[in-house]
């Protein structure tokens, strides 16, 4: 007989899966159902249940899961964490006074695979403002609500070749892309103008939580950061007025204060490393939330978003990032760095010391090392890839450490 | 019994494979070997041979090949070809006089998969100068000969945010990346300075031919284009002198005329759609030439090259390209457009009518439609992808037309 | 005996002088004083009075006046006026809606010499908003109140090399110069922050009127233009927020709305061609108002202002202007163009049709022709100049038409 | 009786005039002619000769000369010289190796008034390459030979807003102005292409010497500088090829090597402080050479040249220069700084320590102090100016030290 509790421990400790997750607890229940003793499952019944390839427990136990050697993988994450922790370069964000109060040494990392395997390490309780990390979700919200055509009628798709807050529009007097501040503010101008301010923010907060798996996904609000940013947000007001003057918000112009205010609110939305990693995992799996099992976003929208993050997410550091990490990413001046490993996982590193481009120093170093260690770069698929149109060629495992 | 000739016809007509290819002809020979009649193979023997998973004939016949439904795939290519042929926008390259003499309507397409399946259509005999398409190979040649560190000590990795021939260096007075003219000329300065001019060009021509599969890969030289470009190559001389003044070529400065001359020669190197597609296929398969079966380039170098092509290969059109096609690419002002579908194929479209960015109008349109039809974008892997670290999850075929 | 009335007529009609001007009426009174008949002056007395070289009537009648041949000069002005009137190129300012309502064909010119000779022609009753023409006076106000060091601690002195409303600061994060919008808004931030809004505007309006000779100098306010500009002034708000973000207004930041509002008010301050020409004349005479006879501005401040106008006043058209006209100038998008001929006169042309640089088309053409006709360019002094350090060399008349 | 020798001493020592100058020696001869003793002149005869206002000796002795108090003026020059000598900031030009060999401490100043008064102090025998100081003369040569229209068909008139050797053309693909390197090279392409190289350089050398007063004006050639600049002149070749590519030299393109070579030759043309000051004096007097008394250049060409020097001569330092010195000027990377005080004098300061803009540190400081001391700025004429159209108003002396 099989101890159900022992099975739960294996799922949680060895594979990072939450046994209370709807689909897993359902599968566990089925194991138990026909047994006389609710704590055990007899072997025959177990084998019968395991035949079903869609059973998440079967998949997990037979290695048909994003990261089968999850314990080893996490050990490596921790090893890199400790290495990177030694780096003490970088400065706290200097233009939002409230962010100056952050503890410089706070450092955490969290990941969530497309099969919902979760791991977090370090100062994991620490909540931080999303800042720029909200931009991809804002873009997705607009795509979901209004469609690709409507969004890109207002915003371009090219790297801006400048910093995130440059006062520049493209040759058609539109923001260069949805990842720079001009783009994000323009997205704020599109989003449910018919709602009042509270509803609009509430709608967006729900949207984020939903993507991250529902009520367990921590989405809060950092009022001091919001007020501080609002007070010192001259550059964003400059961008907004500049765009209004150029007709970005239409001939009517609209309520510029409201647009910028929503943007400040979204930037001040707070998350933990884990909750943000859950959201990122939904992007990694093409819009299907691995924790709730629901398709939350259209895959084509996620694809557009990842493409934009890949090209534009790291601003004037995008080129070096593409060479060294090679993954869609977005960083925030709070020190958050979110990367998407398509078809594998979402990962978030938080450390508030920034380099001169406004990216987390430890975050970048962590991602460089992890990407190299596991060949995560988009172009690493070549190393051990499957011909993507082939019918049944066996898959070569690529989780092997390619650099050891 | 099985007719060997019939088998050859199947391989060639149905799967685009060349039966005279060393590994295939060797496998064919083995089939024949033990049979009394060299034209037939008895069924038992055939089955015995087919057990070997590394037998290219077995793989081809069981669908374990890049594009199993090759005939259907090629039909779609032809259909798109005919649609795109209707476009007559764009102008011949106006700054190399000799290119003005090209027939405006010449149009051809060729592809080669990572398993060596080949297809070409249109004006396939037409030879054209590689122009900018030579840059990725030049970059690879330098990486292979001198290593990543040595090359990137001299050249950056960021998109330049400008046109291909802009007189600009990055903040460290280096070319922005290996794909712009400044980068390519700098690579020419590195390449075997100890050889005399003839040997140096010969070395590079061999390098190209080798990557394309050897002596069957057509690599010629267009003397009129070379002379014409040399005569009108003021911009490239300007770039070279500018770089020399900035110390790009070192404190000695070196033989600037020689660098630029090599660059003009390489730009004037002529290929057919098919021969260039063969070279591209080697990049698609991580450096292993599918026609010769030999590993010609280090995978890490190919990865760097594809990353650079993805970020910088289409210059100031790179962002829109990433959204609309999403594949590493490089174009030449002769009208060639080479794209790499990692793990699937190399593809080349040739049509000399250029848009204002200097890219082939039909080439871009062809790639847009093909990428959309078959979800070839790097970020399309999400749609039907495999968790890349999983051990044995079955591969879901993605060759299905996603848009029909 | 001399008829006083006839003398007045000569002064007014032949020399453009106002007999009611304090110094002239005083001189006239002295002529009359000792005569029995208040309408006449006997010859002996006249000669005695005329010995005094500081007597303005003596100076006027003996040609010791800015433009002795005033009638001929004005005829030439009228001739050029009629020629230039034929030009109907240019468009009304398109970004301040209220300015679109202006009559396109309104055209006037006025001048005032350093000896107070006045002439106006055309639509002389028309009042127009000063717009950019207020910038030199704003600069002078700040210099007078706070001194050169304090002003240039906040604002640079270089041409910006861009348009008047470009979102750019110089390498030290300061406005490039006092003539561009960023500079003018910064000056508004300096000016009497201790006053309330009404007093502050009142103070500046008095300052302008004083420079223009006192209560006869028309200085009004165009409320519709003010409101219109405020409504559509996004670009200026963008500039202000951008500067606030860069710390231009100090670490406190100050009341940005107030700064921009003052700027809009000053831009909407309305003048006639004549009243603006009176102000310009004070600059031409080094700060001494020719109409009131009072030193209103420090000469060193006027010198700085003229130098700035010469280098930066015409923005990205400054170079061509220097070659073709060669005089300190400032234009406003209302269609006003004010030029200073040092030591000779201030001149204003008004015509609201603008070229693509935002300058009055007729204004520029008028100035080109006048400058050429009378060799007014700063560098024309070479033609007929006096060695400026010589003690008593006779002055060679330069009023001769150099191009006839 | 008057001792002729004593008179000569007065002219030379007190007024800086050369008694052997043609017009002066002629006037001296006339004094002597009718006297019995060739060494003396009797008083009556002297008075009779002095009646002639065009007699240079009369003018000099009666103060009708550029700088009557020449001795005092020169004392002040020497005083400033010694003050400025204390400054040891700045670096030798680092991109022309030969210029690195110059003695860092060499320092000299020379001036020549529009009446031919000459003074030189410091290391006056030192010859230095003209470098950029040749540009105004090259511009004048082209204007004299081909006219304003022909020259400005090829070259613009606007400040470039960049450094002297920026690889940029204006919006019409022409050099921004004749003072930047692109402009100077373009002028070299225009100048007597029908001559062979030796004649062309000879022609230009004669042109320079002629402007400077003829055979006494030292114009040499610094062969090492020429060779050094040629060897390291990559930036200028870059400019030339860039311009050729843009069609600046016409559709034929012309002999680019020849253009650049002439430019290098002209830059390597060597002068002393005095000989360059003589040339500058001819510009100060509107084209009339004060030493030979001949009109060497059309005044309108000189006016254009001074206007260009004022706006563009100091490159990206032009604005601060206009505020602080306010005079047409041109500097060379050899350390020469030539300024023109219109209607007064040409002045040259030589000191090879350069600031980061490539201007002589001591040269700039010297000019600032001299301009302030004597109110030499173009806009200082306001302080003590004559109404320029007035007929006979007495001239107010302005040679008084305005700052003591």
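As written, the chain order gives the labels A, B, C and D, with residue 1 at the start of each chain.
Just so it is clear, a residue touches a chain if its C-beta (ideal position, glycine included) is under 8 Å from a C-beta of that chain, and two chains touch if they have at least 3 such contacts.
This is a predicted model, so every value here is computed, not measured.
Q: Taking each chain's centre as the mean of its C-alpha atoms, give the chain farthest from chain C.
A: Measuring from the centre of chain C, the most distant chain centre belongs to B.
Q: Once you find the CA centre of chain B and the CA centre of chain D, what distance in Å lies between them?
A: 60
Q: Could you work out how far the Cα centre of chain B sits from that of chain C, in whole Å?
A: Roughly 67 Å separates the two chain centres.
Q: Can you work out the whole-Å distance between the CA centroids of chain A and chain B?
A: 34
Q: For chain A, give me the residues that contact two or more of the other chains.
A: There are none in chain A.
Q: Counting only chain pairs that touch, give me the topology of the graph as line, ring, star, complete or other.
A: Shape of the chain contacts: a ring, since each chain touches exactly two and the loop closes.
Q: What are the touching chain pairs in this one?
A: After working through each pair, the chains in contact turn out to be A-B, A-C, B-D, C-D.
Q: Tell me, which parts of chain D touch chain B in their complex?
A: Residues of chain D touching chain B: 95, 167, 232, 234-242, 244-245, 253, 256.
Q: For a test of understanding, state which residues of chain A touch chain B in their complex under the given definition.
A: Of all residues in chain A, those touching chain B are 59, 62-68, 73, 113-115, 156-159, 161, 176-177, 284-286, 299, 302-304, 306-308, 310-312, 316, 318-320, 322-323, 326, 328, 341-344, 374, 377-383, 385-395, 397-399.
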